[in-house]
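Two complexes follow with subunit A in common, the first pairing it with subunit B and the second with subunit C.
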Partner chain A sequence: MFQQFLVIMALSAAIYMLLALGFTLIFGVMRVVNFAHGEFVMLGAYALYVVQDVLGVGYAAALPLAALVAGLVGVVCERLVFRRFVGDEIGSMIVALALAVTLKGAVTAVFGTDGPSIARPISGVVTLGGAVIPKDQLFAAAVALVLVALTHRLLVATRLGLAMRAVAQDAEAARLQGMRPWTTYPAAFAVGCALAGFAGALTAPIYGAAPDMGDAALMKAFVVVVLGGLGSIPGALIAALLLGALDAGISILFDPTLAALASFGAVIAVLLFRPSGILGRA
Partner chain B sequence: MRLELDSVGLRYGPVTALSDVTLTVATGTTAAVIGANGAGKSSLLRAIAGLEPLAAGRIVADGADLARLDTEARIRLGIALSPEGRRLFPEMSAADNLRAGAFTRRAGPAVRRDLDRVYTLFPRLAERRASLARNLSGGEQQMCAIGRAVMSEPQLLLLDEPSLGLAPKVVGDMARAIATIAASGVTVLLAEQNSRLALSLAQTGHVFEAGRLARSGPAAALLNDGDVLRAYLGEEVASPPAGPIPAVPLPL
Partner chain C sequence: MGRAATAVAALAAAAIALAPFLAGDGFVYHVAILVAIEGLLAVSLHLTLRIGQLSLAQGGFMGIGAYASALLARDAGLPFPLALVGAVVIAAAIAAALGTVILRVRGVQFALLTFGLGEAIVLIFVEFVVPFGGNNGLMGIPPASLGPLSLQARPAFYGFALAVVFLVLLAVRGLLAGTPGMVLRSLADNEPLSRSLGTDELAWRRLVFAASAAVAAISGSLYAHYLGYISPEAFNVGATVKALIMNVVGGVGLLAGPLIGALILVPLPELFRASVRYQQLLYGLSLLALMLFLPRGLGGLLAGRSRP
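Coming up: the complex of A and B.
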């Protein structure tokens, strides 16, 4: 049973990390609370459906294409909407909620309220030290971890990443180094939304897609990010592990529906003692 | 880089920060900008860096009017500002702050050579290169801020209050470092409340009072001027001091 616990924890934590990373990256760089983050997850899932099941492209190519679609929609939203709300946490939250409803409505209008049926490109299980792991979940978690690692490399080892971190910490001082915040913002937004799109395209074959699937995704991302401290990437990674452990423990011992309840209980408990989150600064 | 300001005016809403400032800094020289808190020193440097729009006048660098260039373009032209309060990136290491300073340059041997130069100039910073900027001491942060500005390979270096809040011994180290940078041919505009220090490093001095240029002249003359010392340096002068008083020994 302990192996099963570890497996469920690792699989959920990897997806939670991916969900939360884009959300916290966008917040960290732009001080924009993107409550439409879940809709970009949903867009990734639907883009995968269109590319894979309608156009007939293989999963290996459809997966990055779906993320690309989410990233491009993200850039358009940044250009048209979010750049007017840089640094405005409340205003961005409200406009993001409106955008979330709009995107959800648009997808419903095109595809209907029922989720499309998406082919499962990976099937079967592997047995690892007594734990039974579905191969598709293992694949999704592995890709999620690779993406988390790649995002980390982007931030610490590239010019763009240096500019993102600098703009996040002091936009005016970044301009004094010749960095252009107004080109860094859409880049950060594109990366954040593409990560959300990946999360949607990775999980859609396993759990399906529906116009309102973004709600649960946003809640998971939000719980992780608030637990870890808004804008803190290491905090989000630690919080994703904690949330994964909580999910796994409660799902095994009690009931999966109790797990969601417990995760919000954990948010309240952590925030009572550390209002800025695990690694957040007050 | 030769810097010319022609009747420059600057306002923050209804408040006039600078009015009718005309001055020239010759290529390769160091000019001191001195005056009390709120006299307009920081506003002047921020205007040159393009962070504040001018209300009047023009700023010319090597014959080119800067009016149409934003801050990012001015950095690429060879202007660097080490701003008031240092403004390091707090969650980055000292080394990454220096890397950020070289953002506009192609990574390569020239950047690595300049990095070595900064570490030679500030050996303490070399020891602390892996520490987050927010964990550095005040002096180390100032070294990092000046180093970051130098990493862009500037032709015009604007330094805003580099001695503020530093221990006297560290002020001396800082002064030697600024003198070394100036000796390499960079044009330096040094804004300081520590007027004696600034004038001892500069060839010319500009005294600001309530946003206006009250006096300009050779730094040595201003240092020996009893009126200037009394009015702007906050010193009681019993008798005119004989000869310039060096604030710190300089390796010149």
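Coming up: the complex of A and C.
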């Protein structure tokens, strides 16, 4: 029982991290709450379906291609939509909600309301210390952790990452130092949306794809990001573990609805008593 | 707007409001009633936008109104008018109590907080099967009636809903034109100055927030007694987003904005029923276009260049 709890917690926490990382990165750099984040997860899942099941490309190549599609759509959306609303908090939230409706509608128009059937490239289970772990979930969690580590490298060890962190800390000062927000913004969107696309493409073979799958993904990203502190990446990683534990624990002991209720209760408490989150800055 | 323009607008509004009686068609009544119900939710969201805070919990307050009214009428046996009043009082009291704490949070954090709150309210309806019926919701809600006068027939219910919308608009206008509106404008213009003169800004914003929840609860009560059946997912954040879209389409700066938005958006799905596959895409695209090219909404177009 306890081993199973640990396994469920670790597997879901890894995916939660991936979901939240892009969301918090975009907020940190652009101060935009991307309510369409879940739709980029959905785009990743559908892109995987097209590349893998329609075009017949292997999963190993289809996975990055799907993320690339989500990232490119993200850049286009940044250029056409979000850029005009930088600095307008409420306006950017509303336009993100409108974008979410549009993307959901576009996928529904092309693929219909029922989710496509996606081949499962990985099957079977491994048993580890008395706990049963499905191989496909293990693979998804492992890839998610690698991506989180790579994003961390990108942020701390490259010039682009430095520019993103500088803009996130103080856009004005960064601009005075010669960093152009017009190049860091699309870069943040590309990375954030590609990470969401990866999350969708990794989970699609396990849980399937549907036009409204973004809602659940957004909820998870939202809870993690608020608990960890908007814009804080280390906070998001810790909060993903916390949410994984909360989810797994309450789901096993009681039921999933109560787990969701508890996570929203935690969100409300954090926003009221520590609005900057576990590690966020005010 | 000049006096003549105001008169034309008032006449047009009256003509639109009375049109369903002329059409006399059951389906037209049905759509008109939905416009009134969803328009009220949009008005409630409009009130929170007026205090500069985007509340994504309004659908949840509509749900509180719907469940309270349904339970008061069905299980406690109260007549519909009392159940409606009870639902409004309950929702407003919850909003006032919550408002003391949550209205201290501003900006993005407030939107996120109310997003969480709205989802939590719906999850409470799902989790507590007694008395909320869980995922199945509540059935057998008694139809509306005023004393001996039954409002079960669609024309009668529409007439009642129309009167309610009219009264709510009058009340909201009074609220925004009177002292609270003046205080809110002074807070919007220069909050530190206004507070230095002794304005208890939290109390005023709490008042408006409670009023917004009351309007949402009216919408919920009408919804429950009109359909006779409610389930939790009707009141999730998606419902609030729809109300927000109505405000954007109609114009955020205008009291008539949310109703104009409801008038345009509620019948749309009925019109596009044939092309249900493309409906959401068209909807989303027109919304994006509106946000990008016409940020003051269609109502803003009508109002010309004058400030609302």
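Simple rule for what comes next: the second predicted complex is superposed on the first by the 280 of 282 C-alpha atoms of A that agree within 3 Å, B and C clash if a C-alpha of one lies under 4 Å from a C-alpha of the other, contacts with A are read in each partner's own complex, and residues count from 1 in each chain.
Here is the rule we use: contacts are C-beta pairs under 8 Å (C-beta built on N, C-alpha and C of every residue); 3 or more make two chains touch, one makes a residue touch a chain.
Quantities reported herein were computed from a predicted structural model and do not represent experimental measurements.
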| item | value |
| --- | --- |
| Which of subunit B and subunit C A:50 touches, first, second, both or neither | neither |
| Subunit B versus subunit C, judged by how many residues of subunit A each one touches | C |
| Which of subunit B and subunit C A:166 touches, first, second, both or neither | first |
| First, second, both or neither for A:180, with subunit B first and subunit C second | first |
| First (subunit B), second (subunit C), both or neither touched by A:112 | second |
| Subunit B residues within the subunit A interface of the complex | 49, 51, 70-72, 75-76, 80-81, 83, 87-92, 96, 99-101, 103-104, 148, 152 |
| Residues on subunit C engaged by subunit A in the complex (per definition of touch) | 49, 54, 101-102, 104-105, 107-109, 111-113, 115-117, 119-120, 123-124, 126-127, 238, 241, 244-245, 248, 277-285, 287-288, 291-292, 295 |
| Sites on subunit A touched by subunit B in the complex | 159, 162-163, 165-166, 169-170, 172-180 |
| In the complex, subunit A residues that touch subunit C | 31, 33, 81, 84, 89-91, 93-95, 97-106, 108-109, 112-113, 215, 219, 222-223, 226, 230, 255, 257-258, 260-261, 264-265, 267-268, 271-272, 275 |
